[in-house]
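Consider the two complexes below, in which chain A is the common component and chain B and chain C are the respective partners.
Take a look at the complex of A and B:
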C-alpha cells in the first residue's frame, strides 16, 4: 500500500508540473504585463519599466525559456514569484485559499447532505407528488445560471434588510474589519449565510438528481427485499441497506465537485465580494498577471488530482468490493 | 395443526393484471409443500404476497393466517414482527440477496437483533454458530467476509443460516437452488433438510425443477396461469397425475435415467396474465380439450385422498389410468442416415488435441501486474465424427465455455491443435477462415440477448447470408423459418414479439442459414421452461438427422445431455475427467467426479429419489488459478479419502490422463476416464422400463 501511494504521488507531481508549465507558457506568451506601466501619466521611462519587470521576472524582452527556467526554479523551492505590481504570489495565494475554503466548505457539505437526502426521498416516493416537486425544483434551479441566482438572492436580502430597517443578513464581503472577538466571529458567520445558500442550492439540485437515479437502481435489488424479509422496518431497510449502497457512486461526484469548485466558484465569489481563488483567476487574467495565472493553474491541477485521490479513498472506505481486490 | 393457511389469495398489479387468481393451501409443522409452475405462473408472487413484500401498488385480497392470525391488511409494523421471526424467506439468487457492503456475519447478526433483545457480541456469536450449523468451514473467520468473497453455494448456505436465525415456524424457499451447480445443489438441499430438522419448521418450496420437489416435498401444488390446477400428496401426483398439464409436465422432462426417443412437448406457450383465454387457461394447449373447456374455468375440486384437481375430465383420466405419454401426440423424428455407418468409418468434423488456454491473472488498477495464471483449459482432447453429438458437461468454471470460444475463434491456440473439418486452425488464411465460419455456427444460451432487438427477425436470419455475399436471401429466410417450425410471415416481426422458445428457434434458424456441418450449442435450452424445452430438444434432434449435422453441445443439465448426445465428455477444472458413449458413462461411470455429478441429479420420481444414496462432494471446486497438484479432483474426491497412504501418493504426484477402460466393450467400446483408480459403478437406479428389457 505504501509503495502504491508513493508511486501515485510521483505520478501526480509529474502531471501537476506538466499542467502548470503549459499554463505558464500560455500566459507568458499571450499576456502583456508591460501594458500596466506603459499607459501611465506621467509616462514611466522604458528603462525603469524594464528594470521593474526584470525584478518580477515578467519582462517580455527576456527569452521565454529563460523566464520559464527562473519561474520553474522558484516554484521548485516553493516560491511562486511576484505579482505584476511586486506583491508576493505566495502570500496572496495563501490568503485566498483560506477565503475559498471558508466559503466553500460549509456550502458543499450542506449541498451534498441535503441533495443526497432529497434524492433518496424522491426515489422512494417515485412518481408521487413529493418526487415531482423535488424534480421540478431541481431542474428550475439548474436552469438558472449561478450569477442570476446569486444576484437575485443578494437583491432579495437587500430589500429585506431595508424593509426591516437593520441588516439582518449581510450580502457582501467576508467580515466587518471594525469588529473584534466574538462579534467578529458572528459577523463572519452572518456573511457566510448568503453565499452558502447560493452555493448549496445548486449542489442540492445536482446531487438530488444523481442520488435519485442511484437509489432507484438499488431499490429494486434483492438485498433490499432480503433486509425487509428478515424483519427490518421499511425505513431502516431503505436507509441502512439501500441508501448506504447507493452512496458509493455519489461519493466520486462529491470528491470531484469539491476539488474543481475550489477554483471554480468564480461567480459566487465575485457577486458576494469574497476575494477567493476563483475571483483571483479572473482578476489576474485581467491584470496580465502571468505568475498569478500560473499559480492558480497549478493549484487547480493539484486540486483535481487531490480530488481523484479523495474519491478513491472515499470509494474504498464505502465499498468493500474495491478494498479487497 | 397447520401453521399457515392461505385462502383465495389474489394479487392484482396496477393496470388490472391478475398475477395470482385464487390460491389456497395450508402447511403444517414439519411438512414440505412444493409449489411447481413455469415462469409467469404466479408462484413467486404468491409467496411474496404471504410475506407482505409485494411492491406498493399491488392489491392483495383473500386471507393468509399464521397460527390463526390474519396477515392480510394488518399494519406494517405488525408484519415486520412476523417477517424473519415466524416466517423466513430464502431467495433464488444469493449474490444479489446480500447487501454488498456489510459482512455476512453482520447481516446475520442483524437478523438476530431485529427480533431478539441481545447485545452486539452475543448476536455476532450466534451468527458464527449459525454459519457453523449450515456447514461453512472456519465460521468465525468467514463471518467477517463480505458477500462477494463467498461462492454461490456458500452464499446460499449463509442465506439459510440467516433465515433460521430466529427459529421460524415456516420457511419459504423461492427457487433456492436454481442458480447453483448440481453438486452444490445437492449440498444445499442437505443443508435445508438439516435446517428443517433443527427448527421443525414447515417449508414452502417453490421451484420449476420436478426432481428437487420429488425428493423434498410431502405435498405438491401445481400452478398454471396464476391458479393451482392440481394439488395432492407427492407420490399420488407424480405416479397418477390427473390434470393434463401435470401429465404433460411430467412427460416432457428429459430424465437422466430415461429411455431415448423423442420427448413429449406441450404445444404453445403459457398465456400472458394480461390476456387469459376464456374458460380453462390450459385449454388452448391441452390435447384432451373438449368444448366445455372453453366455456368455464373448472374450479379446483376435491377428489378424495387429499387431492384436488381443476379439470373436467379428471375422472376419466383416473378411470382409464392415462399418462402424459398416452394423451400427448408423440412427434416422429426421422432416423439419421449417418449412424448406420460405424463411427470409425465416418469423417471427423472436429478434432481437439491438447488444447490449452491460460489467462494471465492481473492485479492493480493503475499499474497492472501479473500475479498468476488462470488455467482455464489445460490440455483437452476430443473428436466429433460426422452425424454425432458430443456433449461437454461440467460445473461452472470448468472451462466449457473457454473451450467453445477457442474453437469458434478459428485462430491458432496457445498450445495444441484445433482441426475443423480437416483444416488446422493454425494454418488458415483470412479467406479460408471466413469460408470455414460458414461450416461452423453457434446457438447461444440466452435467446433474448442473442438477437438484436431492433432488427426484424428476417434480417436477423439473413445477416449471415449477406455477410457471405449471398443474394436473393428472402426465399432462403422463409425456408429457414419453416424448417425451425415458425411461419414465413414471422420475418417481419421483431424479437420481443416472440416467446423464449420461439426466439431460440430463430437463433437456430440463423445458425443454420449458411448450411453448416458442425453446430455448436451453448446451453441452448437452459433458459427455457420445461414444457418449451422439450420442443427445442426434439427440433434439434430432427434437424441433426435430416440435415446430417454434427453437434458440439455444451450443457450443465445432465438429463438433457443424456437425451440428446451420443457421446459425453465430463470436464473438471480445465481437463477432461471422463469421456465415452452416453450409455457407458451414465450407466457405468468410472471417474469419482462423474459418479458424484450423476448421483447429485434429482430424479423426478419420489420413491426412487427418497431411496437414493447421494455421493456428496465436500466444498467448492478449487480456483483454476491454483489447481491442485497431480489429480485436480483429489481435494474433493470421495475415493481419494478412502485410499491408503501409498496409493494417495500417486494421486498427489501424477496427473492422470484419459485412459481407455479395459472392460469398455459391447456395441460401442468407447469409454475412458482420467483416474488412477477408475472403477465402474452404478449410481443411477435403473428405471422400470430398463429393467423390463
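Take a look at the complex of A and C:
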C-alpha cells in the first residue's frame, strides 16, 4: 500500500509540474506585461521599463527558456515570483485562498447536505408529488448557468432593497471595513448570503439527482429489507443502512467538487466582487500577469489531484468492500 | 429496426417529448424568426436607443440602436451551431482515443491515458481564456476546436474501459483471427457497439458546449465582436440588468430554455437507449 501511494504521489507531482510549465510557457509567450508600462503618461523611458521588467522576471526581451528556468528555480524553493506591478505572488495567493475558503466553506457544505437530503427524500417518496416537484426544480436549476442565476439574484436583491428603502441584504464585496467587532461579523454573514445561495443552488440540484438514483438502487436490496424485517423502525433502517451505502458516489463527487471549487467559483466571485482565487484567474489574464497565471494553474492542478486522492480515501472510509480488496 | 424502437420509446416519455417540441420550436425561431422581424441584425435605428419592447422593436433596442429581436436570434443561431459542432468533434475524439487506447493496450494505452490525465489537470478555462482573445481576427471555428479539445477526456476514459471488455467478445476475437486489421476492427465492431453511450454523450455535450461558450463569452474570452452569441448578449445585458431588463431577459431566457430542452432529450435518450441504466 505504501509503495502504491508513493508511486501515485510521484506521478501526481510530475503531472502538476508539466501542467504548470505548459501554462507558464503559454502565458509567457502570448501575454505582454510591457503594455501596462508603455501606455503611461508621461511616457516611461524604455531602459527603465526593461530594468523594472527584468527585476520581476517578466521582460519579453529575455529568451523564454532563461525566464522559464528562473521561474522554475523559484517555484522549486516555494517562491512564485512577482506580479506585474512588483507585488509578491505568494502573499497575494495566501490572501486570496483565505477569501475563497471563507466564501466556499458554507456554500459547499450547505449544497451537499441539502442536496443529499432532498435526493434521499425524493427516492423514498418516488412518484409522489414531492418527488416530482424536486425533480422538475432540479432539472430547471441545472439548466440555468451560474452567471445568469447570480445576476438574477443580484437584480432581485437590488430591487428589494430599493423597495424597502434600506439595505437588507448586501450584494457586493466581502465586508464593510468601517465596522468593527460584533457588527463586522454580522456584516460578513450578511455579505455571505447571496453568494452562498448562488453557489449552493446548483450543487443542491446536482446532488439531489445523484442521490435519488443511488438511493433507489439501494432501497430494493436485501440488506435494507433484512433490516426492516428484523424489526428496525423504517426511519432507522433507511438512514443507517440505506443512506450510508448510497452516500458513497455523492462523497466522491463532493471531494472533487471541493477541489475544483477553489478556482471554480469564478463567476460567483466576480459577480459579487469577492477577490478570491477564481476572480484572480480572470484578473491575472486581463492584467497580462504571467507569474500569477502560472501560479493559479499550478494551484488548480494541485487541487484537482489532491481532490482525486481525497475521494479515494473517502470511498475507502465509507465502503468496507473497497478496504478488503 | 432498433432505431424505430428507440424513437418510439423516446416519444412515449413525456419529458423527452416536451424537450423535442421545445427544441424544434427554438431552432425554427432561430432560423425562420429573423425573416418575420422588421429589422436585420446589422441594422441600427438611430432614433431609438435603449427603447423598451414596443410594436416596432418587439424586444426593445440596445444602446447603439440594434433591434434586440434580430440580434438575439442571430446570437442563438451561433450558439446552436457551436453546441452541435463542439459535441460532434469532442464525442468523435473521445470515441477514437478511448477505443484505440483500450483495444491496443500497452504503451499506446499508457501514452494516451497520460495525455488525458494531463488535459484533465490543466485548467481548461484558463488556457482557452488566454488563447481565444488572440484569435480575434481568425475564424470563430478555431474557438469551436478549442472548446472541443477540452471536453472529450472523461468520455474517452469511459469508452476505454468499455472497450477493454468488448475486446474479449467472441465476434471481436473472430474478426481478429480472420486477419482483419486492428484499426478496421475498431471502426467496424468496437465503436458501433458503443453507439448508445456516444449518442447520449453527444446530446449532453451540446448543452454543455452552449453553456461553456456563454461562460467564456461572459468575460469576453469567447466569441469576439462584431460576431454575437447568446453569451456575449448576456454579458452585455447583465451589466445594466436593473435599468434595462430586456437586454438581459431575452438572451438569458432563451439560453435556459435551449439548455433545458437539450437536457430533457438527453435524459430521455438515456432511458430509451439504455433501459437498465440508473444514472
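As a working rule, the second predicted complex is superposed on the first by the 317 of 325 C-alpha atoms of A that agree within 3 Å, B and C clash if a C-alpha of one lies under 4 Å from a C-alpha of the other, contacts with A are read in each partner's own complex, and residues count from 1 in each chain.
Here, a contact is a pair of C-beta atoms (placed from the backbone, for glycine too) under 8 Å apart; a residue touches a chain by one contact, two chains touch by 3 or more.
Just so you know, these numbers come straight off a predicted model, no measurement behind them.
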item: Joint occupancy of chain A by chain B and chain C, clash or fit; value: fit
item: Touched partner set for A:223, first chain B, second chain C, both or neither; value: first
item: Touched partner set for A:113, first chain B, second chain C, both or neither; value: neither
item: Partner, of chain C and chain B, that touches more residues belonging to chain A; value: C
item: Which of chain B and chain C A:232 touches, first, second, both or neither; value: first
item: First (chain B), second (chain C), both or neither touched by A:30; value: second
item: Partner chain in contact with A:137 - chain B first, chain C second, else both or neither; value: neither
item: Which superposed partner A:306 touches (first chain B, second chain C, both, neither); value: neither
item: Following superposition on chain A: angle at chain A, chain B versus chain C, Cα, nearest 10°; value: 70
item: Least Cα gap, in Å, left between chain B and chain C after the two complexes are fitted on chain A; value: 6
item: Of all residues in chain A, those that touch chain B in their complex; value: 4, 7-8, 11, 221-223, 225-234, 241, 244-245, 248, 318-321, 324-325
item: Chain C residues touching chain A - in the complex, by the definition given at the top; value: 117-118, 120-123, 125-127, 129-131, 134, 207, 211, 214-215, 218-219, 221, 234, 238, 241-242, 245, 248, 252, 255-257, 259-260, 263-264, 267, 278-279
item: Touching residues on chain A, where the partner in the complex is chain C; value: 15-16, 18-19, 22-23, 26-27, 30-31, 139-140, 142-145, 147-148, 151-152, 154-155, 158-159, 210, 213, 216-217, 263, 266-267, 270, 281-282, 285, 293, 296-297, 300-301, 304-305
item: Residues of chain B defined as touching chain A within the complex; value: 51, 53, 76-77, 80-85, 88-89, 91, 93, 96-103, 110-111, 114-115, 146, 148-149, 159, 162, 165-166, 363-364, 366-367
